[in-house]
Structures are given as structure tokens and as C-alpha cells.
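Every chain is named by a letter (A, B, C, D, E and F) in the order it is written, and numbering of its residues begins at 1.
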């Protein structure tokens, strides 16, 4: 996708579409507690938003996330998840036992927040991976 | 539409049967297709069949999706679908995506190395080198 | 060969279909899967996790470790693709 | 009624899968596979698994994009 | 049994001394070693041999007093101890192997330095390891321990056999491995099966399988497995194929294979199996005793005939070994008290006699580069001491009175009568005649070569006058260091080779006159035989008569 | 923190694996240090857990996220899983040390992704060993498989095809396993192993139960590379980079065999269709033992020979499971350990040979004993253990298997075990002869005489010139970092053999299913 499908209409369309896409992704993430959706879907949407940018504007449009950027994003996402799990060890619970985290008054509330936290981690991870996958699968490679 | 035993089996078991057939189509594709990309695709079909199997197991007739209505604090077991298979299958589906991604990456490099995706041809060219 | 594999496939299909008769019918409220473990999720997911979406509660709390595995699998896929495609290395090495 | 729709969708899936796996043009295969994936998402919804359906819809898109990306890089034909 | 068990770590030490020596030798080795460090490396083996011999000797008094030395340092498998139990019979073999190791290690220094084969460190290390295994076999107190050392011995001798690394050596090595690995696996089944029938039972004088209540058929199959397992090492006739092929090895190795370690371990194993696992009674109740005795008799005669037709000196001695070993098997099969004494003593006697013969052959090869009997014309004039020792050993092997071979053969004969099968005496006599037939031409040719053809036994007998001369020469030897230089000019073997073989020749004579000299071999054999037969005389006719 | 040892030993590799690509952006040596430290910590955690479990005398249940078992996921560490995790983490450490020189000249990105994938494989295997949940087992199976596919693909262009084929076959296997779990779930409504074990017995003897058992068995048998389903193994093992291969060959198939053991004996209680399936597996294993050994003899490539040897040796474990009495199960577990140690060692040695001389054909091995005496000495020990020479560890695995077969009256299996030992000896002695140049005809040596003093040792240094890889500075032996794991494993082959009884009575004894005495 070195060149992209860029035309003025697509370009403008993309510019106007992307904020809504990102907004929707955040909504999906946050609304996961109350309806269908969650971290994975949000991450995939965000990733696809970037991919859309690549398709429209060509691969030179890095949009701030290159190969190592994607990798860092993906690993950080997973690390957030793990860190939240390990944090509950510090407060005396078992691994991933968010109920003990001192972030809300009731254990159930703490659990809800914990779920949100790890969903955020999942979002980052999935977003990074989708970008990496698209970038590398479309990268032009020479015969070996 | 149907009555009695026939209806019982058709409504209760057709899903299981078709899922089994879908699974076997995937398996057949992996065994007989020579194009590596199609093998990966057949693998996807198989994985979807397994996912369908679990989700079908979680169905309960006349229930609604697994989100509590805002008014309820304690769910009614007979009113909501079994959420466990859904959670499991979310994991399985993501695993399937991961596998597909890695498979496609390998596929791409196999193509760059051997110039073809037909398995017998790849083997032939491997022998030549 | 092709015929033989087709025959084998049909036999396996018949086995699956026969074995399926042993399973509870679709939509059965009395199926083991519907009565054994899952009722707790439906009944007390909100009480225990303050989350209305019980799938989300199961996914990210009751079985959050599976989800951790899921995230790790997908990140592995990313790292693996970088390792396979993104890193250039000599063509033949072991 | 719901059961019949499920059965119909499953049948469509079976047909899609068979055609996708036997077509000679990989692009055709991918497009049919996208249809297959869409049917799956519909079916998941009917089975009450909206979350899974949502995910499948997104993943179906992503997978299709990846497949197309790869097919751009390789030859489209398939021996069978 | 009123034997007294003495707990001690000596057996473990005995085994580990040579294993540690093997490790040290390998560690001290590196390419381009200076002469001094080479000497240090080579001395390790000799020192270890002496140390080991001393350690074994310390166990002699308690065992002679009717006790056993026991040691069970650890469990080697579930419910099975790694168990050493040094009884009279085990000590006999341990004494034999450790005393001969001292001699052979000195000899091999001389031999290996004469013939530059290279890879000496590996050679000495494998040698030491083999001796470790032999000592382990001698002192093993149960079947699994026995098996462990039996297999170590197989593997440790392989590098020795292929040491020369030419085609014959490698083929010989392959054949050796094929025979012995298959045998080892059969023995493994037998050991495992026995463990299943009688869990955790060690060697018991008089056998322990009779009490297990296993069916006759099962016991018969088990016996066949055991005999196939240990019989390959003992070279009973259909299983002997590897032994002549393995003659390609350097001579100290042949000496080791034949006199000390491998085949002796096999023969030792046969006695252990018949006397301490099955027991004489069960052996004959199964009908196995007679069959085994017949196989032994056939082996004795057939191998002697083969030896007659061999021209290669070492191969001739090798067939002699095949024949002589079956004396031990015969004694074990007859299983009457005297036969067992004969069999056990023959392990010792044959050890000393055969090692002398091999060392002589090696000395001839290393000094004069002669391998074939037909090349030996007149060599006795060049190497009088060597050939003298050869003559002594040959005489001893034929069973001449006042030589070691006689003691064992006499006892075997008595044993055959005791068992009610005097027919086997004929086998002993026939074999003695054949022994004369294949050894004395060699001696005769060596001293009177070119003058006479070694065709008939009568002529061979005429060579006997040479023997006392050689024997006297030996008796002069302790004070005869000064004369050594002169002999070397005339082509006598290097002192490092000569002294050992003179010592063993002297021993072959000495044990004929005073069988209990020094190490009480005959007494040990008698104690062991008494234990096995439980003081009673068992006859083919019916049961034990005490 | 000791209360969380079971989870720490699975999480530390995952955590550091995820952090490795980030750490490597900071500093590559730092990343290596942290990674090695993590492997060490994992080993420490699993050893400590094992000791604690043995002291307590009962399994250690750890509830993840604090939810009790049928609803949440639990970790169960009993002596068997403790042994497996210790084994896995030990090999992880050894392979990471061994991998040092391989990675020296690589770009940072490759180093980081390598460490990540490697540690994630380790984490996946650890999770598989300790989990008490059927679905969680699947997830961790996929974690370790997926990371392993990528690692395998780094061995050159042939390895790409091998990896892709392994990926497809492996994913089919995982899908079959998942479907089997699905059947169990539909029949019992639970995914927890202990819970399923209590619910399953009355339901098992039905068509669906049989199908579930067969699917799980087939899925895991593919992962174990049991005879007719072994197709992926030889190619994969032939083209994988050595440090990875040493690890994968050592533990990956073993952990799958362990999963099979756990599900068949602890979840499904070897009865009904399970025992019938086990019997079939037993005969397949017997065929596989012979097939693997014979194919190994036919190979000219050392790595491929070892790969086929693996096909044969892994089947020993399944044979032990199939016989199923306590002795045979001890044999199977001991053989898991013994084959892991020995095969890992052999692949490390194969990699060393390739590293040092650039060859992997047996025909080119002449003179290696002069070039790398220490490594080849250890190779001898490993080969002897593989053949089954006492008192090395390899013998005792076979010893218990033979005892178990005799107890079960399965004389056919006894014969197979014996024949396989001989075949193993054939293919290893072929290599040994080559390595020590026994099959090369040498000119007859001149007789020396004493007059020239001691004979020189020219014959030990003459012969074909040594082939040394450029850049090793003419060093004969390996770099120390590669030699250390090799020596470590070589010593453990001997020590484990001599002290195997301690292992059996103190650990493996307690790893048998509860219904056995």
C-alpha cells in the first residue's frame, strides 16, 4: 500500500470519519460493562482506524505509529494487564483479584474498575497488533 | 410446521449436525487443498465450526442476551442466555485471529522464498535447492 | 485416494451425527451446561462485579486469566509477525 | 422460526465454505470467505452471543483485509 | 546360615577407586603432553590398581571367618538397593581381578609404549573403568546391581577392542557390541522378571527362586534368558562368535577380556545364576542342569578342536579360553559341592594361567612382531624367560599335577562323580589331551624350531625338559635384575612386560602346590560351595543327602 | 509472596517476555540480563513450589482472581506438575544461556522479539503444566504453540515451510482438543478438571463421551507426535535453530504427553472408552517406537536422525501410559524427565557441532573427537543413556517400563522395548564410530623402539585438518556460554541416573493417580 487509494474524496472522508471511529471505539470500551463490546472490539476498531488511514493515504502516512511504535503499544497493553494482576498481589489478593484493590469503596465496584483497567490494556494490545499485522503483511518484500 | 418426533429432532439437532458437517468441510479442506492459503482458510472454517459448537451449547430457547436489564440486580436464570460459552469463544476467536495472522506472515515468506503457494510445487523446489 | 478420503470423511460425519444425538437438544433449559456452572454468573454477576454485561464479567473477572492468555496470544502474534517478516536475516541459517 | 433461520444460515455457511475452498481464484475464495464470516456473525447474534458476533464482524473485516493484502503479494490462481 | 554381616564402605571404595582413576587419567590428558606428565598420568593407573588390591585384601579376614561384608549406599531403583554383598565367592573374583589388574597395568605400560597405538589416555581410562565394573560384578549383592556393572563392563571394553581403529578392530567391535547388547537386553528381561517374582531379593546361597511358586515353564524360560544373558560373555559354544573376532584388540586387552574381566564375568555370572538365584536343587528339578552340562561339555571339546587348527597364536589361546571357561560352566551345572569348588577355583586358576599365556603372546608380538604359531621357530632361544613362562602356563592349563589347573580339574572330576555323572570325567581327560596337542607344539617349536615339525603329541611331550629350566630361570629372577640388559640385546621383552608375566607364571605354579597361598583362593571356594549346597551333597538321584 | 509462588512461576516468563521488546530498545545487555534473571527466578519459583508441595503432602490449589473452582480458574500443583514445571524452567534457563552466542551479532529488534517469543513459550508450557482448567489448558497450549511456530521459522527458508505445516497441523490438533473439551462441557457443564472428574464417570460410556475422548486423544497425540500423526516432527526438528530446538525437543512434546496423562488419568479415570483408547494408543506407540528407530537408522543427517529418534522415544511415554499400572506410570514419568534431559542435550550438541564446524551430516563428523573432546565425551554419555546403559537415567525409565509390562503380562511390549534398545544402539554407534574415526582405515602403525625415548603422540593430532568456524579465533572447544549448559546436562544425566530412586520415591511416587496404591 505504498501509494494508497488516495483521492480527494477519500482523503476528506477519512479525515471526517476517523474522529468518529475513535470516539466509537472509546464508547465501545467504556460501555463494555453495560452492553456488548469491550476491550478487544475497541482495540480492533482503533487499529482498523489506523489501517484505514494507511489504505487511504498510503503507507507513508505513519500517523505516529510505526513498526516499533506498534510493538511498544502491543507489549505495553499486555503489561498493563499483567501489572493490574500483580497489583492485586500487593494488596493481599490472589492474582487478578481486583476486589482487593483500594480504588473503590466496595469490592464489587473495585472489580468493575479493575475490569475497565484490563480492558484498556487489551485495547492497547490489540490496536498495536492489528497495526503491526497490516503493516508487515502489506510491506513490499523482494524475492529471497 | 412439523410435529412430534421429527420436529423435535429437526429443531433440536439440525444445528449440531450442520456444525459437524462444517467442521468436516474445514478438515477436508486442510487435507485435500494444495494451496497453502486455502489450507489456512480451511483452518479458519474449522475454527468457526468449533466456536459455533460452543455457542450452540450455550443457547437456551426464548432467552435474551447476556446483559442484565438496568432494573434487575439478580438475573433470572431462565431469562438469560448462558454467558460462559460466549466468554470462552471470545478468547477462541481471538486465538483464531492470531493464528491466521502468523500463518499469513509465514505464507508471505514462503511465497517470497519459493515463488509459489502450491504445496507440491513448494516441496519440489525445496528438493531442488 | 480421493474416493477413499471422501468415504472416510462421510463415515466420520455419520459418527459425529450419531454422537450428536447424545447431546442435549439446542436450546434446552435443562442441559448440564445450563444448570451446572453458569447460573451463578447470571444470578450474581452484578452483585459481585457491578457489571451488567455478564459476558464481560465472566471474561474479565471470573475467567480473567483466560483473557490474559488471549491478550498474550494476540500480542505473540504481533511479535511473531515482526520476528518472521520484520527482521531480515540471512536466507539459510540454522 | 428462529431455529429455521439458524439452520438456513448454517446451510449458507456450508455452501460458502465449499465454494470458497474449491474456487480457482483466490480472490473469489476470499470474498466468499468474507460472506461466510458475515453469516457467522449473524448466526452468533441469533444464538444470543452479541459480543462474539461483534468481535467476529470486526475480525472478519480484519481477516479479509489481511487476506487481500497477502493475495496482492502472491499470485491469485490456485490449482484447484 | 550363620554368616555374619559386616557393614562397611570398602566395596564402594573398591569400585570407585578405579572409576576415579579413569576420570583422573582423562583429566590429566591433553594433546602434546610432556613426557613427565605422561608418566604421572600412566602412574595413576598403577597406583590405583595397588590401592584397589589392598582394599580388597582388607575384606579377606572377615570373609574367611565365615562372614560377609555388606554395603548398601543407596537405592538404585524403587525397592531395589544398590547393594554390595561380598561373600566368599565374590571376594574370590574380586581378589582375582584386582590382583591381576596390578600386574596387567604394569604390563600394559610396557606394551603400549612399545607399540605406538596412540590414544593411550582413553585406553588406560577404559581399562580402569572395566576393572571397576569387574569388581562391581564380583561384589554385587543383587541382580540389578550385578546387571548395572555387567552393562558398564560391556560398554567400557568396547573402546579397548576398537583401540587399533583399523578395519578388523572396528568389525570386531561391532560384532562384540551386537552379541553383548542383545545378551544384555535378554538379561535385563530376566532381571526384571526375577524382580517381579521375588521383589528385592538379593543373591542367596542355594537360590531363592524355588520359594516364589512360579510355574515350571516360567522358570525354564527365565533360566534360558539368564543363561543367554550371561552365557554370551562366558562364550558358551553357540554364543562364542564374538570372542575370536575380538582378538584384534591390543594384547593387554585380550588378557583383560579373557583372564580378568569379560569372560570371567560371564562365567562368574553363570555360577551366580545357578548357585545363588536358582540353586542346585531347582536347577536339576527344572532339568536345566544336565542340558547346561552337556552344552559345556560340547563347548570344551569343540573349542579345543578349533584351537588345534588355528595358526594365529592369540586366536589359538582364545579358543582355549572358550574351552576352559566351560569347565566353570560345567562345574556350575553339575552343582555338587566338589564341582562347585572346582568351578570356582578354576576361575582363579584359569585367570592366572591364561593371563600368562596372553602376556607372553603380547610380549612376543611387541618385541619380535610375530603373530602366527608358524613364525615362532626358535623364538625360545631369543626370549627364554618369556617362553619359559609360556611353557609353565601351558602345563598348568593341561592340568598337570602341581600346577594350578590340576586343583580345579581334580575337584571337577570328584564333583562329576558326586553328581552321579562320571561320564564328564572323560570330557575332562579328552580336553587335557587336546590341550597338550595345541600348546606344546608352540613351546616345542619355540625352543627347537626348524629342527622338528610339531606334528604329534609324542614329539610335543619331548619338549617338556625345557620347562624346569624356564621355571628355574624364573626362580632366579628376583635377584636377576642385573642380567636384564643383556637379555634385551638378545631380544627379550622389555622389563615392564617381562616381570608381570613371570610373576603370573610363578603364581600358576604356586597355586598348584599351595592353593591357599596368600589369598586363600581354595578356602574361599570351599566356603562358597558349602554355602551353596548348604553342607549337603545333592545328587541327581533324589534330593539332598546331608 | 510465597503464597503466590504457583502463579509467579507462570507469570514471570510472561511478564518479562512482554517486557523484553521494550527493554531491548533501552539496552540489549540489560535485556539479556533481565531475561536470564527471569528464567532463574522461574526455576527458583518452581523448585520452591515443588518442595513446598512435597512437604505438605497434598496438591496446592491456587484460585485465580479469587474465585473458587467451578466458576473461576484454579491452578493445581501436585508433585507431577511441580516436576514438569521445574523441568521446563530448567531447560528454559539452559537454552537461554546456550543461545547467547547465536544472538550476539543480531539486531536489537531480533534479539528482543526472540527473547519475548522464547519466554512466552516457556510461560505457555508452565501454564499448561499447572492449570486445573480444561479451557485454560487450551489457551496456554496456543500460547506456547504460537510462539514456538515463530521461533521455528527462524531457521532459514526450509524452516518456513516446516513452520507453516506445523502451524496448520498444530492448529488442527488444538481445534480437535477444543472440540473434545466442548463435548465434555456440553455433557457436564463444567470446565474445571476436578469438577469434571466427579461428574463425568456415569456419562463417559456414551457415543458423545467416546467422541470426546477420541478427539482429545487425537489432538494431544498430534502434539506429542505419536506415530501415525508424527508427520510434522522430522521436518520441524530438522530446520529449527539449535537453541530453540534444544528447548522444544526437550519439553514441548513431553508437556503434551503430560497433558494427555493428566486428562486421561486424573479427569477421565482410565475406564470405559478411555482404557480402550489407551490400548489403541499403546499399540500405536509400540509401532511408533519401532518406526522411529528404524527411520533414524536410515538418516544421513544427524539432526534428522535425532528427530526420528524423538518419534520413537516419545512413544515410550505413551506406552507407559497405555500399560497403566503404577510401575509403568512411574516409567512413563521418569522417561519424560530422562528423554527431556538427554534429547535436549543431544540437540544442544548437534547445534554445537553445526556452530563449530558448519556441518550436520554424519558423514562429515570424522575427527570431531579430536576437535571437541569434551563435548564429544558428553555426547557419548548422552548416547549411552539413550541406548539405556545403566546407571544413566535413560536405563531406569526403560527399567520401570519393562517391569510394568511384565507385571501387565504385555510381553509384546517387552519385546518392543528390547528391540528398540538395540536399534537405538545401531544408530548411535554409527555416529560414535564416525566421531572417533573408527571407520576410517588408518595406516598400520610403525613399531616404535625405546631408543628414541617416549613415542610422540603424533597420531593423536594428525589426520584431516580441523574445520573451525571463522571468527572463533581457532578455538577448539565451544564458547563457554554454550559449553556450560552442555556440561550441566551431561552431569545431570549421570546424577539423575544414580539417584533416580530418590526422585521416584520422593516425587514421582506421589504423581500417580489417586486410585493407584
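What we mean here is this: a residue touches a chain if its C-beta (ideal position, glycine included) is under 8 Å from a C-beta of that chain, and two chains touch if they have at least 3 such contacts.
This structure is a prediction, so every number in the text was calculated from the model and none was measured.
Engineer: If you take the chains that touch subunit A and keep only those that also touch subunit E, what is left?
Structural biologist: F
Engineer: Please indicate which chain is farthest from subunit F, where distance is taken between mean Cα coordinates of the chains.
Structural biologist: Comparing chain centres, E lies farthest from subunit F.
Engineer: Compare the CA centroid of subunit B with every other chain's and tell me the farthest one.
Structural biologist: Most distant chain from subunit B: E.
Engineer: Please find which chain has its CA centre nearest to the centre of all protein CA atoms in view.
Structural biologist: F
Engineer: Please tell me the distance, in whole Å, between the geometric centres of subunit A and subunit F computed from their C-alpha atoms.
Structural biologist: Measuring from centre to centre gives 37 Å for this pair.
Engineer: At what distance in angstrom does the C-alpha mean of subunit E lie from that of subunit C?
Structural biologist: So the centre of subunit C lies 69 Å away from the centre of subunit E.
Engineer: Between subunit D and subunit E, what's the gap in Å when you average each chain's C-alpha atoms?
Structural biologist: 79
Engineer: How many Å are there between the centre of subunit B and the centre of subunit C, using C-alpha atoms for each centre?
Structural biologist: Measuring from centre to centre gives 9 Å for this pair.
Engineer: So which stretches of subunit B touch two or more other chains?
Structural biologist: 11, 15, 21, 23, 27-28, 56-60, 65-67, 85-86, 88, 90-91, 94-95, 97-99, 101-102, 104-109, 113 - these are the residues of subunit B that touch more than one other chain.
Engineer: If a residue has to touch 2 or more other chains to count, which residues of subunit A qualify?
Structural biologist: 34-36, 38, 40, 71, 75, 78, 82, 85, 95-96, 98, 126, 129, 133, 136-137, 141, 144
Engineer: What chain pairs are in touch here?
Structural biologist: A-B, A-C, A-D, A-F, B-C, B-D, B-F, C-D, C-F, E-F
Engineer: Give every residue of subunit A touching subunit C within the complex, in rising order.
Structural biologist: 32-36, 38-40, 67, 70-71, 74-75, 77-78, 81-82, 85, 95-96, 98, 106, 108-109, 111-112, 114-115, 118-119, 121-122, 125-126, 128-129, 132-133, 136-137, 139, 141, 144
Engineer: Sort out for me which residues of subunit C touch subunit F in the complex.
Structural biologist: 15-16, 18-24, 31-38, 40-41, 61-66, 68-70, 72-73, 75-77, 79-80, 82-84, 86-87, 89-94
Engineer: Over in the complex, which subunit A residues touch subunit D? Could you list them?
Structural biologist: 1, 36-38, 40-41, 44-45, 47-48, 51, 130, 133-134, 137-138, 140-141
Engineer: Mind pulling up the subunit B residues that touch subunit A in the complex?
Structural biologist: It is residues 65, 67, 90, 94, 98, 101, 104-105, 108-109, 112-113, 115 of subunit B that touch subunit A.
Engineer: What residues of subunit D sit close enough to touch subunit C in their complex?
Structural biologist: 3, 6, 49, 51
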